[in-house]
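Beneath this line is the structure, given in structure tokens, with notes to follow.
Going in written order, the chains are labelled A, B and C, and every chain counts its residues from 1.
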């Protein structure tokens, strides 16, 4: 086998197509008898911004989880040119501990990702997302919007090359949504994005491609 | 080094969570004390040292089970396992850190439980303390591993004792043997062997428990 | 290495033997074993006719071990090579092992009654070991049925099955150790000494049990596969 096997069933190889960050072919996923994804192909070039759209239950979340390496496809292959530490993933869950403060949560992830100048980076992100004042409060006391902002801080903390966002605008108020817009605007072209949304108009200005799931 | 740094960060998080929520350790302490009282009434007459030693191990095992059942509850309730799995650290670090945190709780519970046992029943010798130390390692290594498995199933808390007790029987044999035998060396060696063997198996296969 | 394994595999290729042939073979083997056990093997000097259950007890026990080890091997194949068939095969191996394990407990219990007058004795190592293993593998099924079909169930089952083969020798050592403080008196069974017809009978019984286990394994695999394909077909039709 030319490609070296890596964990999670992803196949990473000496990248045959320069410039491609993510390639998936004929992806299929079933949970037991229920099939949630069938025959999905996608290619994501370095610096691209792919928007995944589709109605509820069309498999957007599953596709993103497969691309992030959290799930293995039942059929087809995914090839990812970035290492696990170079990937930022925002899911439905904020993936933060509710009993810890924002600082402690980001500090944990900062250590795990080996972020250089951790404290400065965390402070900068918290300030940018308007959480600096509440940094020492437990996440349990946050509103859903604030938790989502913290989750975005977590995603961007290690400055990932590939950013996978699953419905990033969920629970954000207008100010939060504009904050996210400005972040996307800033990083667009510099980083590679895979974003799922049920509101494609919102991310239309950033998109370089679109994948509609049925 | 990076590995140790990851383990440290994760274990620190677990201790911090326990410090905030304070539900595991007090529960273990109360439980072990209550079990001793139950034993007093469950053992008719004046139980011999041999009998109470056996019961001490039952108490330790079930107290540990209580703590092990709680080990992955924060990850389950707040669904943060994905976050840990996505991090670039080796997945076995998650197991090792959680085992260390559970070990800390168990040892803390035993620091209270052993004097209590000495007060209520019989004195605790050096061999018992050594056996406790070695058994704790095995209990936490295997128990935490199985706890991570049980927590993703539908049966959850129900499943952990079922998965764990058959695997804990050799620990009980080694521990009780070391506590009552005149020459405990053989039993202590057996416990150490068990710890080493299962630690390697857990370390090597934890990746598959948390990833698809 | 894999080339060598492939060569051995193609020479043996148990997989290719049709089920009907296997069924016939197990019928012939089991009948032969019964004939040998009841008519050919000599009566035991101490325990007489009833000692003949020994031939079944030991051969079933060995078959159960073989199933567990084979199940762990398949589990290893699943984890290491991502062999798509290995999960189901591992599960079926463990299932057969557990069925044979139950028979070990049953025949062992009968043997204990014959030898010591009790249906259960803690001094018989193998019996106690099978009780532990039986509990362990029952938990395997609890685990498996508490998860939805998918890669996670396959992984967790496989890991637990691997724990099983580590547990077998460790438990065996533990039971030996435990005897020293649990049973100061050691029962000694004057087991039949191997040789002549006793050995031949044992070998026939062992072969019969292994063939029977493999046939049952293949039947169960075939049934499960059919079930899966039926579901896939239904999925395609839908």
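In the analysis below, a residue touches a chain if its C-beta (ideal position, glycine included) is under 8 Å from a C-beta of that chain, and two chains touch if they have at least 3 such contacts.
Only a predicted model underlies this, so the values are computations on that prediction, with no experimental measurement involved.
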A-C or B-C, whichever has more C-beta pairs in contact: B-C
Per-chain CA centroid nearest to the all-protein CA mean: B
Centre-of-Cα separation between chain B and chain A, whole angstrom: 36
Chain A and chain C, separation of their C-alpha mean positions in angstrom: 47
Whole-Å separation of chain centres (CA-atom averages), chain B against chain C: 31
Residues of chain B touching at least two other chains: 211-212
Per-residue multi-chain contacts in chain C, two or more chains: 150-151
Where chain A touches two or more other chains at once, by residue number: 9, 71-72
For the chain A and chain C complex, residues of the former touching the latter: 5, 9, 30-33, 35, 71-72
Contacting residues of chain B [partner chain C, same complex]: 149-150, 152-155, 159, 162-163, 165-167, 169-170, 173-174, 176-177, 180-181, 186-187, 190, 194, 197-198, 201, 205, 208-209, 211-212
Residue ranges of chain C in contact with chain B within the complex: 79, 132-133, 135-136, 138-139, 142-143, 146-147, 150-152, 155-156, 158-160, 162-163, 166-167, 170-171, 173-175, 177-178, 180-181
Complex interface listing, chain C residues touching chain A: 82, 148-151, 231, 234-235
Sites on chain A touched by chain B in the complex: 7-9, 68-72, 83-85, 87, 89, 91, 93, 95-100, 104, 108-109, 111-114, 138, 154
